[in-house]
Structure formats: C-alpha cells, structure tokens
Amino acid sequence: MIIVMAANVPQASVDRVVGEIEKMGCKAHLSRGTFRTVIGAVGEEGSIDQHHLSTLDGVEKVMPIMTPYKLASREFHEEDSVVQIGGGSVRRQLVGGKHALSIAGPCTVENHDMLWRIARHVKEGGATVLRGGAFKPRTSPYSFQGLGETALKWLRECGDELGMPICTEIMDTRQVEAVNKYADLFQIGARNMQNFDLLREVGKTQKPVLLKRGLAATVKDWLLSAEYVLSQGNRGVILCERGIKTFEDSVRYTLDITSIPVVRKLSHIPIIIDPSHAAGKRDYVCALATAGIAAGAHGTLIEVHYNPSEAQCDGPQALLPEMFREVMGQLRAIAKIMDKQFPA
Amino acid sequence: MIIVMAANVPQASVDRVVGEIEKMGCKAHLSRGTFRTVIGAVGEEGSIDQHHLSTLDGVEKVMPIMTPYKLASREFHEEDSVVQIGGGSVRRQLVGGKHALSIAGPCTVENHDMLWRIARHVKEGGATVLRGGAFKPRTSPYSFQGLGETALKWLRECGDELGMPICTEIMDTRQVEAVNKYADLFQIGARNMQNFDLLREVGKTQKPVLLKRGLAATVKDWLLSAEYVLSQGNRGVILCERGIKTFEDSVRYTLDITSIPVVRKLSHIPIIIDPSHAAGKRDYVCALATAGIAAGAHGTLIEVHYNPSEAQCDGPQALLPEMFREVMGQLRAIAKIMDKQFPA
Amino acid sequence: MIIVMAANVPQASVDRVVGEIEKMGCKAHLSRGTFRTVIGAVGEEGSIDQHHLSTLDGVEKVMPIMTPYKLASREFHEEDSVVQIGGGSVRRQLVGGKHALSIAGPCTVENHDMLWRIARHVKEGGATVLRGGAFKPRTSPYSFQGLGETALKWLRECGDELGMPICTEIMDTRQVEAVNKYADLFQIGARNMQNFDLLREVGKTQKPVLLKRGLAATVKDWLLSAEYVLSQGNRGVILCERGIKTFEDSVRYTLDITSIPVVRKLSHIPIIIDPSHAAGKRDYVCALATAGIAAGAHGTLIEVHYNPSEAQCDGPQALLPEMFREVMGQLRAIAKIMDKQFPA
Amino acid sequence: MIIVMAANVPQASVDRVVGEIEKMGCKAHLSRGTFRTVIGAVGEEGSIDQHHLSTLDGVEKVMPIMTPYKLASREFHEEDSVVQIGGGSVRRQLVGGKHALSIAGPCTVENHDMLWRIARHVKEGGATVLRGGAFKPRTSPYSFQGLGETALKWLRECGDELGMPICTEIMDTRQVEAVNKYADLFQIGARNMQNFDLLREVGKTQKPVLLKRGLAATVKDWLLSAEYVLSQGNRGVILCERGIKTFEDSVRYTLDITSIPVVRKLSHIPIIIDPSHAAGKRDYVCALATAGIAAGAHGTLIEVHYNPSEAQCDGPQALLPEMFREVMGQLRAIAKIMDKQFPA
C-alpha cells in the first residue's frame, strides 16, 4: 500500500500515518520528495485498512499495490481451473484450460414442445449444455416474467433424456433451493452481479455458477464478485462476458473481447462469451462468437430458436438452428488454432 | 409505434406486419417513401407487442412513441406527487412539490453511541429524517457488512426519541419483514435498482421507498424501476440521484444534475440528491448539494460524522457536523429562490 | 514516481530500474514487501521518464505522484487567476475569483440583422460578452458551415457599437490570423480540445482563450490541454464545461457539475459553464445554469434567439430573450450566496 | 422522417408542420393516435430540414428514418470497396473484399537506423505496408512531438528500397502538402476524427486515407467523418478501429470488435483494426489481432520494435519481431476460415 501525503503537511500527520501502519502490524517506509512525502506500508496488504488510512489528516491518496481479490487471482492459483458441470444422470462436461464449452438453448422456456424442439436442435448442432430461462429479469413490470418452477421441471426432464446438463438463471435468494434441485449450473445475470446476498447463497451450494459480467462493471469488480462465491467454499465459478454499455447505439451492448485475455492473465477462472445478448441482433452473433474464441475464450453461450418471430423474449437475437450448426463448425476450426477443443 | 421496413422488401412482408398490427386491435397507417415503407400502428400502444413486430421478416426497426412506464409518468399524473414519511410516533415529513427534505446521518450504524451523537448533530443541523446503514452492500466479501437487526433497533429507538423518521437500506427480499418493522423509509441502493424481486416486495408494503439510480442507468430505466414499485400499489416512491459512472476519475461518480429537470419534466415523482456517495470526497459535497437544489431537487441525503477517520465506511465523504449546518443554511437560501422550502 | 515490480522478479531487474532512476538524476528508495518490491523515485518528477521505466523488464506498473500539468495547477499558482477580456474600444470584462461573467448570443451568425437584434437582447438581459459562430464544426459535411470572415466583421462592428467584447470559435490553424484580427476571445470547441497544433497557435497570441472540455475528456486531460496554451506564454485561459457523453439519452450531453469544484481545487483557472450545448433543449437550460453557479462556476455561456424556429443551427436549445433575462436574475441572486458577482 | 407531436397540441401546430413539410417538397402523412399525432414526411429525406422541424411549436421529437451519410452507405454502393495503396515505385497493395492488409512498423520514427531495422523485421514478418510517426499528437506539451519532415524523408526512402507503401499520421491542415509528397496513405488519428477542416483537405488529394475511430465516437459519427472525405471526391477511405473509452481500466481502450460486423453491414468501406493502441500492453495485442480477423476485419495495424525499452513512445505495446511473425501465422490461418487472404 502506498500512501501519498498532501504537499507541505506537518510532521505530526506523517507520524500519525506511520503509527497507524505499525498498529496494523506492518512496516512504514518513508520517501521524502521535493514536494511530498510518500509512505510505503510493507507487510500483508490484506491486513492494512486502506479506508482508515485514507481518512487521516494530510493523506492525499492511498494506492493499493495488490489486487483486492485473492481466491480468484492467478497468483493464488497458477494453473487454469477446469470446472466440471453435470455428472451423474447427465454427461459430465468440462470447461477451462484446453476444454471449450458450448451452451445453447432458447432465451426463455415458453412451453414444453418448443423446449424439446430447440434442445434437440442445439444438441445436433454441437451444444453440450442446455440453457433456458425459468425466471426472467425484465426492465418493465408489464413484460412476461417466466414460467418458474414448471420450466425448471421441463428443463430437468429434457436434460436427463438428452444427457445434457442444464443451466438456468437465478434472480433471488428465495429461488436457490428450487433451482439447486433441478439445475446443474446456476446462472447469475448481469443485473445481479453485485447482488451480494445472492452470490453468497449460491456460494454455499456445491453447484457451479456461471457469473455474467455487469453492464458497467470492470474486470476487477467482476473478479471481486467471483470472490464472493469462492469465499463460501464453492470453487466452480465460470465467468461469462456478455457485453458492456458503451456509447455505440447500433447494438445493444459492446462485447468486451479484451476482457478475455485480461481475465486469463489475472485469474485462473474459465471465461466464456455470450454473443447473443451483447449483439441483440442475429446478424452480428456469429462474428462475435468467432472473435471470442479467437481471443482465447473457453466457450460460448448462444441463443437458438427455430421460429424467432414467435419467441416471447429476445427473438431478434436468436440464431436459427442451421446458423448455429454452421458457426459451431467455424468455432471448432478456430479453437484448434488457439489450442482448445470443443467436445466431439 | 412506428415500424420502419428495410429497403425494397416484398409487399408480402408489409402485409404481414399490417395483419399483425390489426390482430393486436390497432390500425396500421402506411407511408410509402422513395426507399422505404414506414408503418404507423395507431391505438393503445400498451397493447402492441413491439418485440413481436421487430422479429417479423423485413422489419428494420421499431420505434415506440410513448414512454414504457405509465404510473410514473407526468402524463398519467399531472401534479407533483407529495410523499409522506413517518407519522404516528414520529413527526410526519413531506417531500415533493414545494416541500424539500433533508435526510442525514452516518453511512453505517457502527455502535449505539456514535449513532446517537450523529443523530443529535444532524437534527441540530436541520435534518428531519435520520438515515443509517444496517445491511451494507460491499464490493469485497472481506469488508464490514453491517450490524443487521441490532442496528435497526437502535435506529428505531433513536428516531422515536428525537421524533425523526428513519431511513435504511434493504438489500434482499428476506430482509423486507425486519426492515418494514423498524424503518419509516426503505432505501433501495444503486446496485439493486434492477433487483426486480426486491422492488416488487417493497412495492407490496405501504412504506415509502427511496429508489437510488443505478450507476449506469438512464432516467428511463430508473422510471421503469419506479414503475415496478408503483405497479404493486405503493405510491410512495422518492427518486434519489447519487451519481453515474463516467470517465472522470477525480471523483467516485458524476452527479447527474441534469436528471433533476429531466425527471421533473417526465414524471410527478419527487427527486432528491445524494452528493456524498457521488463525490466520495468531503471537499466536493457542499458544492454538489447547492447545485442540486439550484437545479430543482426536492432535497438532499448527506452523510455526517463527527470523526470521519474512525468511520468504518465511507469516512472520506462524511461532512463534519459544522459543515453540515453551514451548507443547510445555503440550501435554505437557494431553495427559496427556486420556490421550495425545507421545514423550519 | 512509484514503480511496482512484478512478483518474484530477479534482483537484476530491480537493479536495472534503480540504475535508470539514478541516471535521471533522482534517488531510488526500495520497499521490499512479502510479494513485491516497490521502488520510489525521489527528485524532480518532471525529470523522470515514466514511459521509459514502464518498458523495463519486470516492471508491473508505474504510478506518478504529481500531476502532469504545472502552469495550470493550483500548486504552481495559489490564487485564483482573473482573466481580462476586451479593453480598448470595448469595455474590459473580468472573470475569475469573485468576478462572474455572462457570455451570450446566437449559435451562428446567420445574417446582419439577426445578429444585431440578438446582441441588443442579450445586452439588455445582462450579458457582457457577445458570442456568435462564424466557422461551425458540423458532424455532417452537408450541414451549413458558417459565414466565415463576413460574420467576423459583423461581430466586430456589433461589439464595438454596443461596447461588448466578442467571442467566436476557431477550428483550424489557418484561421488564427483572421480571428485574432476581429475577436476579443478565442473559443476552442470540444472537438478540438486535443487539436494540439491549434492550441499552440492560439497560445502564441496574447488574446484570452475559452477552452471547452472534450466530450469524453477527464479534468486531467482538459488541464493538460490548457497547459498547451499556457506553455506558449498565453496566461488568459478560461475553461468552459459543456457536458460530457454519458449513457443518458434524454439530453444531448450530461453537464458535469462536479468538474466545477474539482477544477477549482486543482487549478487557479476560471471555469464557466455552457448549459445550452449540454442540454440541447431549451426546457433544461435554466436549471443547469442555476446549478452551475450554485456549484461555484465563474459564469455562463448561453445561446439566445428571438425566433428559434428560424435559427440555422441549434434552435431547440436557444433561450428566448425574456427567458434569458429571467434566468440572469436567478443567477445574480445565487452568485451572491456563493460570494461572486456579475457586473451590474 | 417521422415527426411526433406533443400530447394534445392544437390543430394549428399540426397544420404548421404539414405546411413546412410541403414547402420542402415532400408529402405529409398523418396518423392520429389516442394521445398523439404522428406525421410522416415522405420524399427525399435529404431535402427535409430535421433541425427546422424540431424547433416548431408542439413538436416533441423528430426521428430520421434514413442514415445521415450517403456515399459511405452500403445502400449507395452495394459491393465491398477495394482500396488501392501505393503503386508506381512501390508494390501496389489492396484492402477490402477478400483482400486483407498488414500494416506494421514503429510508433514513431526515432532515427534512421531504428526505422530501417524495424522495417526489415516487419517485412520479413509479413507486413506489406510500413507505418511510422513523423508528427505525434501528445496529450502533454512536454512530450516528444516527432521529427517531422526528416522522418517523412526516411520513410519514403525506406519504402522505396523495400518496395512497401508508406503510411503516416497527419495532424494539421498545414501538413497536407508535405505528407502528400512523401506518403502513400494518410492516417487520421482518433483525436482528429472530427477535425473537419483536415478531413476536407485530405479529401481533396487522391491518396487513400486511413481514418481511425474517435475514442467516444459511434459508428454513425465515424461514417459521417468518412463522408467528409468521400464528399470531396476521394474514394480511398479505409476505417481503422483502435479502441473506445469504456470504464474498464486494465487496458488503455476497449477494442470494439462489434464495430467490424456493424461497419460491414452498414457500409462498403474496408475496416482494419489497430490492437496495439487499444491494448496499450504487448500481452494483449495478439489475442485482439486474432479476434479482429475472426470478426471479419480486413487487416491489422500493429506496432513492432526490436527493443521496446528504448522506444520513445508507446514501447509497452510494441510486439517484438518474433511475436509479430508468429501472430501473422495465426492471422493467415484465421483469415482463410473467414474467406479472406493476406498477400503471400
């Protein structure tokens, strides 16, 4: 931790800061410059209360040296983590390291028949995890809010039959029990990335968690949210980049491809991309998917619908089944160049 | 609703759109331009499924004419709403129209003694509602998370004694019952502005709700979140602008002063500002507070601490009691110019 | 300057950094932490090549302690600067310290008659500097681009007759000579804030320069652009906050009121606001103007038109003459509370 | 053009708008809804003055249907444009359609020897156009500003000898003549994307122009800037995505990969990417380069230096020659999958 004092502060202020650092069990190193004194606090950075130091008289700013997350950092865990999804009644899938993952399905489970049709399509197209929404976060209270537990049951049944693990979004702590009963992979949506109570509750289960990035979150914020889950003992976190808000208005969100090599440098956690929600338009989904794999992502989450104009939610972004099959071919080819592999 | 067709689409696509609009109980008006056909859907815009139309073949874009919120709009309720806080054991306070409100207190309730000291200071300084955090949303799982129900009890006791209504933040649907028991005003924090389950649950109570704006939310998103609360029958919404994310790095967030006249034009709901969380630094809090009132806000939420370097949370932004008293003097003078009044 | 080494770098890397710092005439202070070594470079920070240090092997990041601008900083010049505009044939105006300034006029000079009508209106309303566009930066090559030197002549004539200094925008280095001949105050628009050649050229004149903030610039970027002008020997810089890009779509730009106290803390340079271009809509201009003065700004730049629906540019944001007169009354009253004064 | 009237406006306001539309030579179509009247203006949208309509009494908003650029739009020119660079003394290079381009070189020309060494390295590595900075835009007036015409001469000599076209940045209208004399491809930097005088001047030459995207510009703004060049008769525009400002602070800028499929849908102009300036760090350059080509870009602009710690500018982002050679291998393989080809 580096503490920069304001220009021309009295010696007493410097002494107070040094004293507080020593109380925290660390050592203080002083550098007196022409204009300012800079104090380095040496020791376990976790034991230093940055907040407290920043409120002391004469302190201009406090700059941490270490990252604020630990379990999520590559310094803590040098090798790529490989997370396991499913097992038991459904085929076990791996993601991370050289293992690439394809999650696909409809945005929302609308009825029994459409779920089955789409599930078969995405399986044929190459997906190995089935996703579908049961609880839907909608910006308007007047929009369709999802079928709830009924949808969960259909997803489970469908996954068991086709041998595919199931992924679905969870929005509220009161849903943890039900979703845990039916799904193989919790999805935390972008708007809940900092719903800290929810992060803690899924952290207490043993199911893996797909953590989407918040619409205006930095990679650091995101890894801190992952830390919430990890700190409860659940090591099955998978990050999902799904676009951030920018000034560009021709798409819904801007897929932040750069976050892929950044996460891979700072953390051991696998990272996949969701090009469907980022683009918001079918036309752009394939280009974003190939770009993501070429940037080093560990997989994709893609929405598919056989009849998008009937979809109750996000139809304009759903790929048709044949488009999905085609892009999976390109993804396999690019993954090979990037030293990764989708399951056969 | 305006539907813009792509260039050179076949007549069948236009006919399909017209047919769908008529199925929704509306009328379609065609304008054939040199390059494109534009279709106006006339009728109750709420009955038109924008999403569905946008998925039809040949549709380039769909532009709504009406706002997506209703109960929150000034078209629905032309007069300024005046919201009542407290009553019964504590003095009733009003906000909205010509009534300005001053909420103040510590960021977090740290212990019994500090709460009482600060409460007395803010009351003397001119605040009429006391705020204090019991449940704290923290980006790091390793930071102090608040004292929970113990803090709620102290707040209640303190409010009853001093005759001030109590405001505190709620983070999770499981806390609604406890907070409803003790507090007079629910606060929904910026990170929960789109926690739709939570909005619905506080909407089912009869207590007023202070709804902070999300860090990257537009005014439209914000009013849609207000609509969630209103749609449950709770008409006591108060908006609180607390800064948005921008590229400026000398402060924590950028207080969006413009949102004040914008909200006041689009909606009847009262709007106050929180300059403390926006600035993140004591030095800037007063200038933002005066600016907010001069822009037409209905009040302020300001953090105060008698010894900021001991505060467990957000000490650098807390005003000292004498600074608070002084700025309240300026705020009263400016409010008068803007035709509003703080209670004596 | 603080140099943070990567974890576990060899001693040779540390030695190399220390050697380079000493070559620059500074001293290196080492702090060896548990995981990292941090090196403080002590001496004239201006003499340290941050860039060079950041490219050395083993360096993780380099953090400057001092601000990168000097002449613009309050550390260099502790008192508020007071800038003089006009003098000679027109009345001298002051801005900075306790002196508030009101610049007003049409967006663009469209013809001789409209300029005179508006100039008389704004003078009666309380403005003391007349502005009008001769060269217009337009995002589309097909929009009206201004009347050029003809407009400059009319502005000069009008200013001389009414005794008001003249302010006009300059867009290209080739216009410096002509604008310098006619105007009393150069305006550098937001899109040219980092047109470094232009900044240098106006810096070589002795006329004051109104420097608007770039649409996505930080206060630091802005002060660095001011430094370009100051470094040429021209000390007459006035900053003008005119709104930054944000996600809010109900206005054109978000007036960053916070930049006012921030600039006033970091710098001695006067700062005014342009609420007209920020809002883009007449309805919001007055609320932003009063907010800016309440936040401590040294004045306003407001567009006025007697018949906005005939204006060739930015009509929707122009105040009518009577609105301008009214808001000037509010601004005078608020300025007094904030210890500033507009000229009588 | 769609004109939305405010709720409950008098008939006279509607009549006035209709009258004005007819004066512009267009037809007005009225749709009277329950709450509002919406007017469609049918005819050449270019002949409608959107600005004027938006200032009329009772008009709430005006929504254009057509894009504001023409020559840059794919509707105007359906096939991909293929732009030619060089020819004559240097090998002609193509970009656009199936032709991919690799531009590489040092950030700045520092001296004769380093330019030659790097030029040979990038040629061996697979680049076919050489870039190097002679005039440098620097945020601080105290940073190195480039060698000017001396650097231009060395670039020309080097390009002629190695048979590579030369690309260099131009910052001011006064440099057009000199740069036109030496270079084969003008580069307009991000900070000058809206320097409209400069766009016009390079538009008057017959040399191709590499137009970088502004740091906060939308794709629409960017295409409008391209339109400035095209409207002067110069059809050799190449777009270069180089990252936009976002809240992510682990890299300098966020490379907006989505802009690639968006530009390719809206326009016929070739688009390449500059991963070096976006990332700001060598570690991320290769992942961004591969992602860009996988998203459909027509090439890359990459900075290379054999000894980055000696570079006078942007050393941390320069690839070493062997890294450049390697990534060119991956780029060739991915380009093939995306149906494009780099020259052998």
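Letters A, B, C and D mark the chains as written, and numbering starts fresh at 1 in each.
Quick note on the criterion: contacts are C-beta pairs under 8 Å (C-beta built on N, C-alpha and C of every residue); 3 or more make two chains touch, one makes a residue touch a chain.
Because the structure is a prediction, the values reported are computed rather than measured.
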Topological distance between subunit A and subunit C, in contact steps: 1
Could you tell me which chains are in contact with subunit A and with subunit B alike? C, D
Between subunit B and subunit C, two touching copies, which fits better, same or different residues at the interface, with half of the numbers shared as the threshold? same
Sort out for me whether A-D or B-D is joined by the greater number of C-beta contact pairs. A-D
CA centroids of subunit C and subunit D: separation to the nearest Å works out as 27
How far is the middle of subunit A from the middle of subunit D, if each middle is the mean of its Cα atoms, in Å? 32
At what distance in angstrom does the C-alpha mean of subunit D lie from that of subunit B? 40
Where subunit C touches two or more other chains at once, the residues are 216, 245, 247
Subunit D contact footprint on subunit B (complex, rising order): 2, 4, 7, 29, 31-36, 38, 40, 42-45, 63, 65-66, 75, 245, 247
Subunit A contacts subunit D in the complex at 216-220, 244, 246-251, 254-262, 265-266, 278-279, 283-284, 287-288, 290-296, 330, 333-334, 337-338
For subunit B, which residues are in contact with subunit A within the complex? 46, 51-52, 54-57, 68-69, 137-142, 171-174, 191-192, 194-198, 200, 215-216, 221, 224-225, 227-228, 231, 245, 308-313, 315-316
